[in-house]
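Chain nomenclature is as follows: A, B, C and D, assigned in order of appearance, with residue numbering initiated at 1 for each chain independently.
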Amino acid sequence: MVRYILKRLLLMLPVILGVIIVVFTLLYISPGDAASIILGTSYTAESAARIRETLGLNQPYLVQLGKYIFNLFRFDFGDSWVSGVSVSSELITRLPRTLLIGSLSIVITAVFGILLGVTAAVNQNKWQDSLCMVLALLGTSLPGFFFALLLALVFAFTLQWLPPYGMGGPEYYILPVVANALGGVAMLARQTRSSMLEVIHSDFIVMAKAKGLRRRDIIYRHMLPNALIPVLTTIGMQFAGVLGGSIIIETVFALPGVGYYLVTGCNNRDYNVVMACTIIISVAFSLVMLLVDLLMAMVDPRIKIQFSEVKHGRGK
Amino acid sequence: MPELSMGIVSEPAWKKQNLFVEVIKRLSLNKSAMAGMIIFIFVLLIAIFGDMLAPQDYAAINPSEANQFPSSEHWFGTDNMGRDLLSRVLSGCKWSVLIGVGAQLIACGGGIILGCVSGFFGGKTDQLIMRLCDIVQAIPGVLLNITLAGILGRGIPNTILALGLSGITGGTRLMRSSIMAVRKNEYLEAASAINCSNFRIITRHALPNAFAPMIVSFTMSIGSGIIGASALTYLGLGVQAPNPEWGALVTAGRNYLISAPYMTIIPGLCIMLVVLSLNLFGDGLRDALDPKLKK
Amino acid sequence: MMKSDGGDIFLSVRNLTVEYVTKQETVQAVNSVSFDLHKGKTLGLVGETGAGKTTIAGAILGVLPVPPAVTRGGEILLDGEDLMRLDEATMCKVRGKRVTVIFQDPMTALNPVMTIGRQIAEVIELHDAVSRKEARVRAERMLEMVGIPAARYDEYPNQFSGGMRQRVVIAVALACNPELLLADEPTTALDVTIQAQVLDLIRELNSAKKTSMILITHDMGVVMEMCDDVAVIYAGEIIETGTLENIFEHPAHPYTIGLFGSIPKINGDSERLSPIAGLPPNPADLPKGCKFHPRCPQAAEACKSGEIPVREISAGHFCKCRGKAGEA
Amino acid sequence: MKKHSALFLVLCLTLGLCVSCGQATSAPSAAPSGEAPVVETDSAGTTLKVALTNPFSGTSAINISNPYRYATFSQVYETLIAYEDGKYVGILAKEWKKLDDYTWQVTLFDDIKDSQGNPFTSSDVAWSFDGQKTAGHVLRIYYEFGAVEVVDDTTFKLTLNTDSDGAFYLLGVQMLLCTQKASDDSPDQLATMPVGTGPYLCTKYVEGSSCTLTKRSDYWKKENLPKASLANVDTIEISYVPEAVQMLGTIVSGNVQVAGEVDMSISKDVDSAPNVLTKYISNGTYNGLAFNMKGRAVSDNKALREAISYAIDPQGLIDAVYTGHATIMDTYGMATASDYNPAWVSGISYDPEKAKEKLTEAGYPDGITITLVSNNVGEDAQLSELIQGYLGAAGINCVLDYVDPASGAARLAEGEWDITHSGGIGVLDMSLFWGNIYNKSETDMSMYFHNDPALYEIYDAYKLAGGKTAENLQKLYEYEYDNVTWLPLFNKHVFFALSGGYKDIYLNDCYMSLPYLGSVTR
């Protein structure tokens, strides 16, 4: 297993290189450039050309790419062209916020998603089932900002329990985390319900009941582990989405994170910002996917064997 | 020689029950699946005849009637530019359904193909496809969209393509994980024992048993697809004004959540209607297709 | 209704009735079945597939899937205590401790993502409130008893063959020295050689722990080898019951006779078997009177309706038939 | 247990939904009972809580001079002069006079020190001016700036490329200055922690979220302080609230005492909130529609341009996008310009019938298709939708061509468009107004491709030294009146809300009317 992990970590290097090349090309061929943002309404050909010269945008594609990768080895992410702030210092402050909100909301998503999914599956076609279904549908059909603003309205302004926006102590993080989690709960609940329904009718569940286990133990010790595979993959993917930070949560709660920084970077064609953010996201993302694969192997021995096979070529 | 009767009373040869008829029969038994199908057909009708049904031109502005609550004159009320929300919802329906379903078809279609291949074969191909997915998934959706908008031009096609491409990686992972769980079963080895081609094993044996998570993912992500498109619209990349696509309507109502909450809630509920109908139908389909599920 | 010679009756089932109610139809799986079981004895429940044998076992243990299954009535007295009236919490204490079950298909009876050792230790911990370490020791001892090396405690079900998995199921069933073991066609899914080993194992363990057992099977050979008493079941009703010797030497009910007619005898000279004509009735609309009369060679007009009495042919040998076979 | 926890969760979610829906429909004026908490009045230890809409990126003087980020740090950095109640008052500059058409001499106060104690001298002015020019700047005015020649520590000569007084005053009022030493000492040239000569120093700054300004005890200016240098409160806690609904909730619940640049979409709800004072002040900007004057249907067809101009109702735009809080602009030029003449009235006003007449007169009785190029976000997008609606009603099919800000200017330079939004800031004299529209200084033709020799004859005469006469201005006005190459639409307002007992705040009138937060009074 350790060999498998090392192999996957080694594979991350080509992935990151691939991301750098792809994203750089996307930036290079996308219309517009940072000069128009800096100059704004007083855009004139000469001043724009001068700025492109200083930013090195006129150099050929390969030279720019090469220079960027060369700087990368010196861990110099460069400065933002628009705000002049060094990208690495910016990321150092923003990444922990995004990761904190992201991981906390994934925990809540997982807990409530699985809870709702199990309740719906166990009481199939009863009122709990349809209630969970409607709740789940609400989650996917109304946008993030609707729930975020609703939470702010109810808990921050009407009940005045929590601060509505901004940063500070832990209580500032409660609303954003819940708002961020609501979206994910829907998909996870439905996925859990579907895979639980597949397991509910299996013989070993009747066997477990015959052993004298209580209903709750049967569900959590026997049914759930077997239903976890698609659930785990969904959680993994949702965590990947969270890494990019949620622009909606960051704007509504004024919590500057990677999401807002990346989107403004893309809009301003701020190469250094976009490249740095994407590299960090792809590294964190590959780690998450590796974690999910390992968790899957841990949960399901049938997959674990396939992993051991992987080490020595394609086993039957 | 007396005719050897093995005790089985002679019955007409067991009629080859064509799978399709069987599935339809089962589906029709399932009330909620039928409800889902009817709602979806209703939505499709609105999508096709929306423009004709709309009482007023969806782009006709008259600021004097701005921000009116739903009333007898304007059933769904008016937006901040005084345009009739009912006609905007009716004529926006086709775009939303197109974006929601279109993007998901690309995402799940691509996801199934890649997911099966990487889940079933494992080893080198699996690693290659998974690492490609890592790369594509790390690309910021906004940048992908800006570039596509630059190449394909703004509007619906590039939004569908952008959402579809980023959706493929998700679909692939989901398919791969359920195929891997099913891969070790005897019936797959049995199938390869009677010399079925790999393609046939995947499509005939592995896929039907690993299909449930995909149906759930397909039906559920339509709603988030439409909302994702509206997020791009908010950033000015997705659907271009004045296209009354539901996601754009929801986003336009953002600032008026207190003074005019209906501007967000009504289109939101319409999106929910689409997602609800497809979910009910999707579940019914999955139960009908899945022999194991005893009724 | 069935009285035997009053020995220490351990389990008595009185007119148990179970139906499966679905939107399309209602299936009368078990129609007022009654039988007794003596302490330490093995009762064979014999009948064609779909006759309701598994439903009876499920009803005794209370593990029938509730949405479709409905127990209309009857009592199941275990040492005088009626399991039907127990609430779920106390029933949980009975299951796995006093009454356990062995299922037919070992491939699906074990949780694929939990080690076999844990699945055995789980039932021990649940009922005997011992520490995890102690439960592991006992589980390993059980593995040894069923012929599986204790070293394989931490392996997963998919690493075992069908026969080995059935041994694990037996280990789970007998881990807490149950008083009653329900074996639902334990060896049907196994090939003959493994079948013999498993049956010897069950018999040995039962006699060691004096567990009484209900063995559900359609294989008369297994009945011959394992059972003390036999109850023949047809379309949800017990049509004949008695000691092994009663049933095998002089079967009374035409159906029982027909059953024996379709078993190849090693020493017998007839070269062709005589199967029972027709198919078991559709449980959704059972025939009136004696359920067997459509296929019964000696069916008389009287059999077609009314209540079929149960007559005691000899001590402990009962038969539910109106025809002349009833007197013999 | 599991069933009950799921039920509990579902209950509190639905309860939350009902409470908030009930809450949402009735304007949250039913905020917590009682008046918003009043901040104690004595000056020692007063804290002012401020909410602004534009998050920040970069706090160096250069970055802040870009508009929209001015309000936060115009108390930390200072400018040469300020515009108060219609006349110019010196902040860093004690006095200034015009030596000849293109050069001005300015004398600074002596013993100016920034919050780190570094002395502020003429060389710092030169350094700041050069820094702004090389970094490139959103305001066109920076191309009028020539050079700064240091005479001695407190006097310097400033040469411009134009003889218009307005250019000098705009540079003087708008450009934030800081000492070179402070910038060199800072690890990232003041990018994440501003150091200036103003009455406040910045003690806490969290990028894009909040910052805290505290009153400087060692502020160099002691007597007759202009309003821009006031420091009536000890600490100012600024938080950025980009979301309109959050801003509304914050104002109404009394969490903040001053809310600046608030989104107009929530103005009705804030107006109806108890004990909240709302102020709508012209923010010194103007907005109009510019025509592409080269090679397009509108370029040499005045009747078509008039048809388009008559078809658009500025009041409709104002009501829909700014909920009525803006004023129609029906003259060429702005009152803040010293040489402004109110008689320069625009000949166009909303008249759909006339629009149709002009359309047929222009030779397109059954309509024409034109392209409107516009930014794809925020107000510009909404304005474009409305303009498209109005033109559609007049039979002109308007195609919207959205560009994101990064590719907007390049898109205009290609010339494949008919009309676009055009506007400007800080018109302190008419040369800045006409320069922005005809703009011959930087390139041979303006962004709107004017190439009429008659126009450039008048414009060049006006541009010459000493050419800033009333007749030349009148000729420019008459040319525009006759040719309608630029349609004035409206002047935007900035929206402020004050609560917690505060009654007034002083605004920088000629620069986006952004607030001097220190000048807030009871």
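Basically, contacts are C-beta pairs under 8 Å (C-beta built on N, C-alpha and C of every residue); 3 or more make two chains touch, one makes a residue touch a chain.
As the structure is a computational prediction, the values presented were derived from the model and not from experiment.
Common neighbours of subunit B and subunit C, by the contact definition above: A.
Across A-C and A-B, the chain pair carrying more C-beta contacts is A-B. Relative to the C-alpha centre of subunit A, the farthest chain centre belongs to C.
Overall, the chain located most centrally, as judged by its C-alpha mean against the mean of all protein C-alpha atoms, is A. Centre to centre, using the average C-alpha position, subunit A and subunit C are separated by 54 Å.
Computed from the mean C-alpha positions, the centre of subunit A lies at a distance of 21 Å from the centre of subunit B. Distance between subunit A and subunit D, defined via averaged C-alpha coordinates, is recorded as 37 Å.
The mean-CA centres of subunit C and subunit D are about 88 angstrom from one another, to the nearest whole unit.
Annotation for subunit D: residues touching 2 or more other chains are 24, 28, 245, 404, 407.
Among all residues of subunit B, those that touch two or more other chains are 146, 150, 184, 235, 254, 257-258. Each of residues 158 in subunit C touches at least two other chains.
Interface residues of subunit A facing subunit C in the complex, by the touch rule stated above, are 201-204, 206-215, 221-222, 225-226, 299-302, 305.
By the touch criterion given at the top, residues 11, 14-15, 18-19, 22-23, 26-27, 29-31, 133-134, 136-138, 140-146, 149, 153, 183, 186-187, 190-191, 194-195, 197-198, 201, 229-230, 232-234, 236-237, 240, 244, 247-248, 262-263, 266-267, 274, 277-278, 281-282, 285-286, 289, 296, 300, 302-303, 305-306, 309-310, 313-314 of subunit A touch subunit B in their complex.
On the subunit D side of its complex with subunit A, the touching residues are 1-3, 5-6, 9-10, 13, 16-17, 19-20, 23-24, 28, 31-32, 55, 57-58, 60, 62-63, 66, 135-140, 142-143, 188-189, 191-192, 206-210, 239-243, 245-246, 249-250, 252-253, 255, 403-413, 423-424, 442-443, 447. Residue ranges on subunit B touching subunit A, taken from their complex, read 121-124, 126-127, 130-131, 134-135, 137-144, 146-147, 150-151, 170, 173-174, 176-178, 180-181, 183-184, 212-213, 215-217, 220-221, 223-224, 227, 230-231, 235, 247, 250-251, 254, 257-258, 264-265, 268-269, 271-272, 275-276, 279, 283, 286, 290, 292-294. For subunit D in complex with subunit B, the touching residues are 21, 24-25, 27-28, 244-245, 248, 263, 265-266, 268-269, 316, 319-321, 375-377, 381-382, 384-386, 388-390, 392-393, 400, 402, 404, 407.
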